[in-house]
Amino acid sequence: MSNFPQLIANGLVQGLFIAMAALAITLAFSIARFPNAATGDVMTAGAYTGLATQSATGSLILAGIVAIFTGAAISLAADRLVFRKLAGRAVVASLVASIGVAFVIRAVLGVTFGLSQLVYDIPLTRAKLYWGVRLTPLDLQVAGAVALALALVFGILHLTPIGRQMRAVADDRDLARVSGVRPERVMLALWMISGGVAGLAGMMLGIKTVVEPELGWSMLLPAFTAAILGGIGSPGGAVAAGLLLGVVQEMSTPFVGFNYKLAIAFAALLGVLLWRPSGLFGKREGVR
Amino acid sequence: MTTTSRRQFLQGAAAGAAVLSLPQLTFAQSAGVFRIGALNPITGSGSTFGTGMLKAIQAAADVVNAAGGAAGIKFEVISEDTQTSPQAGVLAAKKLLDVNKVQAVFGTWSSGVSLAVVPLTNDANVILMNTSGAPALSVPPANAKGLSFRFQATNDRFGRAFAEVCVKEGFKRPATMAFNNASGIGNADGFKKAWEGKGGKVVAGVVYEPNQTSYRSELQKVLDANPDVIVTGSYLQDTTIIMREWYQSGIPVKWILPGWAGSPDLVKAVTAPVVEGVISVDSVSNSGAESYKLYDAAYQKAMGKPGSSNVYAAMTWDMVITLALAIQSAGKTDTDSIKAHIRAVANPPGEEVFSYEAGLAALKAGKKINYQGASSALDFDEYGDVTPDFGVSFIEGGAINQKYVVKI
Amino acid sequence: MSAYLIAITILTLIYVLLALGLTLQFGLTGLINFGHVGFFAIGAYTSALLTLNGWPVGVGIVAAAVAAMLPALPIGYISLRLRDDYFAIVTLAFSEVVRIVVTNAREWTSGTQGLPGIARLYASLNGAASEWAVLGTILAVTLLAIWMITRIARSPFGRLIQAIRDNEVAVKALGKDPAWFKIQVLAVGAALAGIAGAFYAHYITYIVPDQFVPLVTFYAWMAITLGGASRISGAVVGSAILMVLLEGSRFVHDFLPMISDSAMASVRIGVVGLLLILCIVWRPQGLTGKRGDA
Amino acid sequence: MSLDIANITKNFGGMRVLDGVSLSVPTGSLFGLIGPNGAGKSTLFAAISGFQKQETGEVRLDGTRIDALTPHARARAGLVRTFQVPREFGHLTVRENLCAAAPNQTGESLLGLFFRPARVAREEAEIAAEAEEIMQRLRLTQVADQPARLLSGGQKKLLELGRALMLKPRFILLDEPFAGVNPVLIAEIAERIRDLNATGIGFLIIEHDLEALTRLTPYIAVLDRGRIIAEGAPDAVLADVQVREAYLGGAV
């Protein structure tokens, strides 16, 4: 018999990573209005610089900070050099350009760090049983770090002046401008937060798995799926949908086997979109 | 992708050859030179091995040339990257065959690339020597003309070796975990076939998708069947994650990994205590032979790593030596003559030789030889496949120690 | 030399067929299809499986076109309900589902073992003649496709799909249902991709699911982005540039020997990415387009 | 015979935007609809033309219920609308914009396109002639081969009207035909509308510019907070106290 509580736990752990990546995508979308395909490679960059920092200093905290700053810096640079120049153009221009940005980031990482796999030097510990569910301390630490990051992001969005401005701009840019918000500053802050989340997500993923050039790219499609499923532009929705996807994928395995996991995620996406075209938590949009 | 059209000028034999390599585009056909196309996975998923395979080909060609060539003919190596992709492999092979006019193609690594390239080499009537595992390469249509030689054990042979190890170690309840690609499934299926042929039963089997953040559910399903050993068809990256998650679960079980996964890189990635006692089965088993020592030294020099880190480089090394001996034996460089003499110089009977120089001397003395390769004894069956012996290593205190050899 | 150039030309033409579908779907109609490789894969597998079971290659190619068109119908219906960028992701997911299915429907497709020994076109001719014959056939098909899409673009149908691209709501207000037009456009592009897939399978003679990753879709997008999305010549020019970029890197080593072998893969992808960015930022209409093109 | 709207209601997120609107617009009439900002005029148009689903109520065209039809089916039935913000096909020329609007084209089916080329060519010639005539009537001939996105605001309004005419409609719903148009062109557009009305086409016109509208339409209705508060001849309606309150907050 399948151990469903364990599958749910496994799904939640995997969902955390999808959720972080989806959060980065949805944050960028909420203001820049396009799905940023470079997010995956920003994650990879965070994983590599975090790893380099950790092996140089031995400090994971420092590595996390470096990963966040790497992600933020790359995002800012990409906005300044590419995306800003495409503001006002069709969504697809930015989308295709973001694939170009992704390739350039990956090329730089490949030349700098090589193509072989690298790993974070983290001592492994045995799992413990919690109510019949086996979880490792690393799982809990990663979950804790993700929760902390999410709390931080939501704190910024909902408790700080710049966060309120971000939400205002995301809701209605013109209205926000009229009410004295300077979109430039908000855009900068938003790209930094989105990039920082991606950088940290990449490092977490790198700790959990192995660091290699396609680390983030292979995460991109599940993350897009979660971002859309949650209602793109809705940070809470992205996180919830990420966790949900992780759980649905794992729960499906006793029925469809392990090979159709990703297909199940896409089927879920399609089903939800046909039912609610704006996603689970998205605002409905109509033709005016 | 990389065109290293190198013409190598050898200057002087007494004081050691001074090799001058000039990057230049030379397409002209020149007499006294045999052009080898090195078609390796320099980039893509085979990139871990590709460059080493290429360097081994170049080093072996240097050995042949330093010894005066094969039947007086010098080898020239032209390299191309398959990108570990059939499409890029086909274009690369077309370029090698058509632009560079190579007379043999060496070192296609993944089965996909070999299967895509073999129709082209057959058409051009050129020998293809590969290191792929897919059974389809042995038989028509792939090997309709008998021009394809495989220096790697087939997936089935790997499976048989795994089964032998299970018998020897007294395992009763094996389970399998396979990466969802040709080689992963091939190994697991080969094992299942061999094990059930011995009357055993595989208690659980899982085929998993690549690029996951976790394989815990897959692992759990296999462990739920309460196996005493898990046999994998896996790669380094996924094995790294699986071994970590297994270790964290604390459930005792033994592991048998293919050599490319159970490598020093794995030990480095997961740390020694995690993989203590893991069994790694590898087709390079001629490590006691003199030919292996020659290869090892050359590889060490070219790559700065021990030869044991790249089983395929040993195979590509052997490709060059085998071809050179066959040409020496035939005295001609046309494909049919070479094909006819490959088994003559590599298979028994004959005087066992371990180096090109020794083989050359024996052939010149009119003796029948049996080249013993660095990668295996190198005896080709009717399909052009070798049956290497398998080295069985145990990971102990972080070191990979070969304990015994399995013959199948 | 010629066989290598023929090989490159054949693969370029296969990309042209893929890119032409996107020119029709995106350049003219505005549909963001990010799952083109899914139709390509369906075509390749359909023709490969039919011919491996004894059907003639001609039947395989026609069946490839038909089979690739089938999913266009449901996808077209979905497109009516979704925003552009959602549609992009949904089609991307569709192509991944195709890949997952051919990977795991082992009893039909032999999964990751792939299908070797797919019949070649004109296998009875000797080497060079057969290569030229294949090239001629693909060239003829490509020219036919170009003629067909040009004809469509200049017809009342073409006028209407461009109207849909410019303003879908206004088209509805004029008494026309965009749905059926979008479905037809998707189906035509899918059929071209299916035919391209069939030629690909019969040319490479070996197919395996790994060949049908989203990167192929992105390459086709790069081709129309570089060449110009709303012009038919853009698909041709863009595909040619793309192939020169991808294959040209083989020759880079002769001139830049300091780039290591393993760095080459990174350099290749970096150059493609950079070119894509530069083109979108500085020449949004592509190389063939005029300023103001859609 | 007429366009009849009965008891239409429509809610947006708890807000009642249309609250039981009923109107009867006779065939061939020139009917003006005015109302302050947010009165629900555009929503009413959207409900009549099918772009918004109403909660309750009926829409009849010449006695036939059309409120279950899709927008494009209503347009084909003879009820065509324009938009407040022009929705031109920006990359097509003015001529192509008009031709694209022609109904029942054989060349709009792929089969027809490739298998009945002669018929397509004949139809194209007919459509081109019609477009030419409409362009002349609307004085758009000079810009016939310009991309529509380069037109001025007023020209775009005329283009929208011209596209609607290509369908040979019985009724045209005009959404603010004078908005953003210079005064000279306003008079001209009004003149064109009157000409067309003389050929038997009915118009229901939303307009902000009361003066221009009342000069054009002999009959108007006033919508305020989702209800029709008055209708009749312009002079009488504008004298109505309720209307003055609605427009000017009663400060008259």
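Order as written gives the chain letters A, B, C and D; numbering starts at 1 within each chain.
Following the convention adopted for this analysis, a residue touches a chain if its C-beta (ideal position, glycine included) is under 8 Å from a C-beta of that chain, and two chains touch if they have at least 3 such contacts.
As the structure is a computational prediction, the values presented were derived from the model and not from experiment.
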Contact distance in steps, from chain C to chain D: 1
Pair joined by more contacting C-beta pairs (B-C or A-B): B-C
Innermost chain by mean C-alpha position: C
Distance from the mean Cα position of chain D to that of chain A, given in whole angstrom: 47
Chain B-chain C separation of Cα centroids, rounded to whole Å: 35
Euclidean distance of C-alpha centroids - chain A vs chain B, Å: 40
Inter-chain centre distance, chain B versus chain D - centres from mean C-alpha coordinates, in Å: 75
Residues within chain C bordering two or more other chains: 103-104, 169, 262, 265
Set of chain B residues in contact with two or more other chains: 43, 47, 180
Sites on chain D at which at least two other chains make contact: 51
Chain D contact footprint on chain C (complex, rising order): 148, 151-152, 155-157, 159-160, 162-163, 165-167, 169-177, 181, 184, 188, 230, 292-294
Residue ranges of chain D in contact with chain C within the complex: 49, 51, 70-76, 80-83, 87-92, 96-97, 99-101, 103, 105-110, 113-114, 120, 123-124, 127, 147, 163-164, 166-167
Residue ranges of chain C touching chain B (in the complex, touch as defined): 1-4, 7-8, 11, 103-104, 111-114, 116-117, 120, 127, 204-208, 210-211, 247, 249-254, 257, 261-262, 264-265, 268
Chain C-facing residues of chain B, complex: 1-5, 23-25, 27, 42-44, 47, 50-51, 54, 80-81, 83, 85-87, 90-92, 94-95, 97-99, 111-112, 115-116, 119, 123-124, 134, 136, 141-142, 180-182, 184-186
Complex contact set, residues of chain C against chain A: 26, 32, 78, 81-86, 88-90, 92-94, 96-97, 100-101, 103-104, 169, 214, 218, 221-222, 225, 262-263, 265-267, 269-277, 280-281, 284
